[in-house]
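Reviewing the structure listed below.
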């Protein structure tokens, strides 16, 4: 928290990520396979960060690949997976089943409430639905509180103050103003509740351009900005590009197989590529450009999902 | 609450206001002398409504004239007045000093918190700062709650669910989508926490036009919309017009004098004008047009405030 | 519409009939939401809005957009296609707040396990400390299930025998009753599960909150349902066949889901089940 | 700048010096807010941002716009003029949440009554049930005063004898200590009043949280202050004159407040007090 008043926060990706410590409580922006902070995730892996406690709503390859690389100790997401299309998250599943990570699965509403407690400066907030759910068994830290008006017993949850929120945006300026397209998912709440926000943007624009597009997350909440084209790939970052379903499929197959196949994927796309530039080159300019062709026609858009 | 799904909510002002019952808990949108729902306030007075409990943040002529006409029984605003420029609110002051209204003065943050309790579906929420303040003496309904994590004693406040929120917007459509310019003050929170939202708009546009301008309050929260040009006068409704400082001065002088001078003002501008059309005619097309000339030059703008 | 297309609508497969059965759990003028990763429910909502529930309010499951007209349903729930033509796009918290305060009338929920009370498990099969299968997780379901007006549950994996179970290994989202108590005892305003639609038939819930078989697909027997169900199957006295989909419903469904993402929920062998309006089983078209 | 204008800045009135004294309570890189209906504080913030505190973050008091460059200060706080050139416009709740969680460093607060601990009354003078004067009310001050880093209090009505009082009839916004306890006892994170600037002089607060006279305007004596103050006046051992405003500060002030809204806070007789850089009292220009 405490506002970030520096007027130029533009740094390179390496430096932005270097400020994140082992063991940090990290909020991941975006959701499902949209606007995930993948360049930041890849850089965390390249830098060999470990012991992270990740929090978020419904996520996919970002969390799974962090787990596959042994970067995560505690996972407090509401969902990790690839929906019906590609199924369960292989590394998450394996780590949970073998006990190599601690699963503190939570509920979107509870996470929202905990972020709000931090954002509102309150030491607790009440939620209701957790009472009927075994999710509560995963959270011995929850307490109870009795409503002084109705006598209803509610579950009390503590504030959630991430050390850092990792957010990818289509556009931002050097001061740190970010423009996002909807859905913002929890990004606005993460930004207000977290001590630091590290953002990557598809493109750095002028302050005027960002203001005209609309500031979704204001500069005073943001600690660093790095310009990383295709920084959400293989997730989508509309309007720039749709998600790369084929790449996600390739990952899920490798991660499901595990062992050498997974190692090969990780080496090929992550540890084997020292920079995002190298990653983009490997994925291929043609492939990346194709993901941007969704806007040409409905048929072109549909074709990306076949 | 319960969403309002009708597809055409356009009604005339008379009908919109007729749904508000005597004794209703009424939230007033806008703030200070900006975007006040004055046409709705005038219509309430014309229809002789009584016993209203009004809530809001910092307000001026809307609350004062409702009090001057005996429409209000309980006033739960955080501030009623005309700032340094025109000073204390005469009718509010007199009614409070003579005990003809009940003053439940509150704090913006507490009102926000109570609206959030309603919006979040919670039976209470905690606030902190009220503890050091005599504001608490005005609210015997407040209780205490102990944080189960820190042991801190906080003040517990109940949900605030207005029967109706009165909101004036520069633009809206027939379904009830409203576009507002910032500051929104509490209007978004009022809309989500109130059982009904009755809106006036400077102009009804197409759904496309409102979507392009940006929907601030979505149709499903709005129960009725009436088109009333200059519906905020003598408050401002930018970008259409600045506030009418001379008119506010005229009101404050009459209300300070009280007696026949106040009665004359009320008759002239409120009870003597059966419709908003008549009100606008009385104020004068030239005068109203002049308030829109703020955008012509800085000097023109400044001139309105001399 | 060509004669060929019209003829095709006389003939439909289980995924299509199933989605229509789901759609019919929606009443007109309801505010309805589906969770992400739920293509059958997602398609069903669009079918309902284009057939019997034209004035419903449809809230997309991961974009929170209202009444969009997507050019197609993509295989991922957070995609711009699902915002096209929307009348409004809610913020994440705007939707969840509305649902928690009781302004959302219906939600679709599924589960890797579902018990007789409609409790669902999307967290883990087997012991929690060392699960046999770690499922994806519940998203926002745990709180939403407490307050949303009605729940339409569904599964496309009833026949597996592993889905409708005596006891959920883990209760992610509450149905009518858990070991912690009933909804009334917990103070939950939401009505809980109203329907449970499976690829074998349709259940409602009795006054005690227990599932009761109301309708069967015509190629399914009560014995098949009993064999596939881990709890004792109550059968309604007026058990009947699942009502046939209309041509209009089938047309709406095919228009909104040209990629067939709904089919990803079914085992391949189920998808061979086809039907027609003339004959109830084994369509040859 | 013309020679005439330059010469004018050698000469200034009490409202100008007062506003500059307020401005100097702001430190650079602070996040600073003023309540509405506070033109002196409002102008002071703009003066500070254009002189010694260029990297402060200025939050306008009723538009919640950040670092605007208003073409003029209008006589009402919620006006579009106060959003011109802003780098961002906060929502109402966005500002209040930030302040309550401790991200705002300083707020300006005034009061119809102010006591030695910096408690302020903007609610009612006289008994609460039947007040002698019902004041406008506190806006958001009651909660903000608990958590904002530092408070800069001010009044332009010290000389009246009715403003600095032994006890506030009503405590709207807490200073350092109320009958309910100290800030520490109540668990408030904010530091409370740091300065109290009046048209007679400047107070800080001692370790016990009590106001202490630190600076006097040169045309004011300690006895004048004592006579105007309802509580016993502590005087700092290093009492001195209020530092003179710089020409740059005066120029910034006149540029941002051409309408002179700051002057509405002063009694007409106070506004006759003028000063110059050459001589400290009674400027003839």
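Lettered A, B, C and D in written order, each chain numbered from 1.
Throughout what follows, a residue touches a chain if its C-beta (ideal position, glycine included) is under 8 Å from a C-beta of that chain, and two chains touch if they have at least 3 such contacts.
Since this is a predicted model, take the numbers as computed values, not measurements.
Any chain touching subunit A that also touches subunit D appears here: B.
Hopping across touching chains, the smallest step count from subunit C to subunit D is 2.
Taking the mean of the C-alpha atoms as each chain's centre, subunit A and subunit B sit 40 Å apart.
As a whole-number value, the distance joining the C-alpha centres of subunit B and subunit D reads 28 Å. Centre-to-centre, using mean CA coordinates, subunit B is 43 Å away from subunit C. Annotation for subunit B: residues 121, 128, 152 touch two or more other chains. The set of subunit C residues touching two or more other chains comprises 100, 147. With chains as nodes and touching pairs as edges, the resulting graph is of another kind, matching none of line, ring, star or complete. Touching chain pairs in this entry, ordered by label, are A-B, A-C, A-D, B-C, B-D.
Interface residues of subunit A facing subunit C in the complex, by the touch rule stated above, are 31-34, 57-58, 77-81, 83-85, 88-89, 92-93, 96-99, 103, 105, 107-110, 112, 127-135, 137-138, 152-153, 181-186, 188-189, 236, 238-239, 242-243, 245, 294, 298, 301-302, 305-306.
Those residues of subunit D that touch subunit A in the shared complex are 29, 31, 55, 57, 66, 87-88, 90, 94, 97-98, 100-103, 147. Of all residues in subunit A, only 121-126, 128, 143-145, 147-150, 152, 154, 156, 158 touch subunit B in the complex they form. Looking at the complex, you find that subunit B touches subunit C at residues 1-3, 5, 7, 118-121, 175, 177, 192, 207, 211, 215, 218-220. The touching residues of subunit D, counted against subunit B in their complex, run 36-39, 62-65, 71-72, 74-81, 83, 89, 91-93, 96, 100, 123-124, 128-147, 170-174, 178, 180-181, 183, 186-188, 258-259, 261, 264-265.
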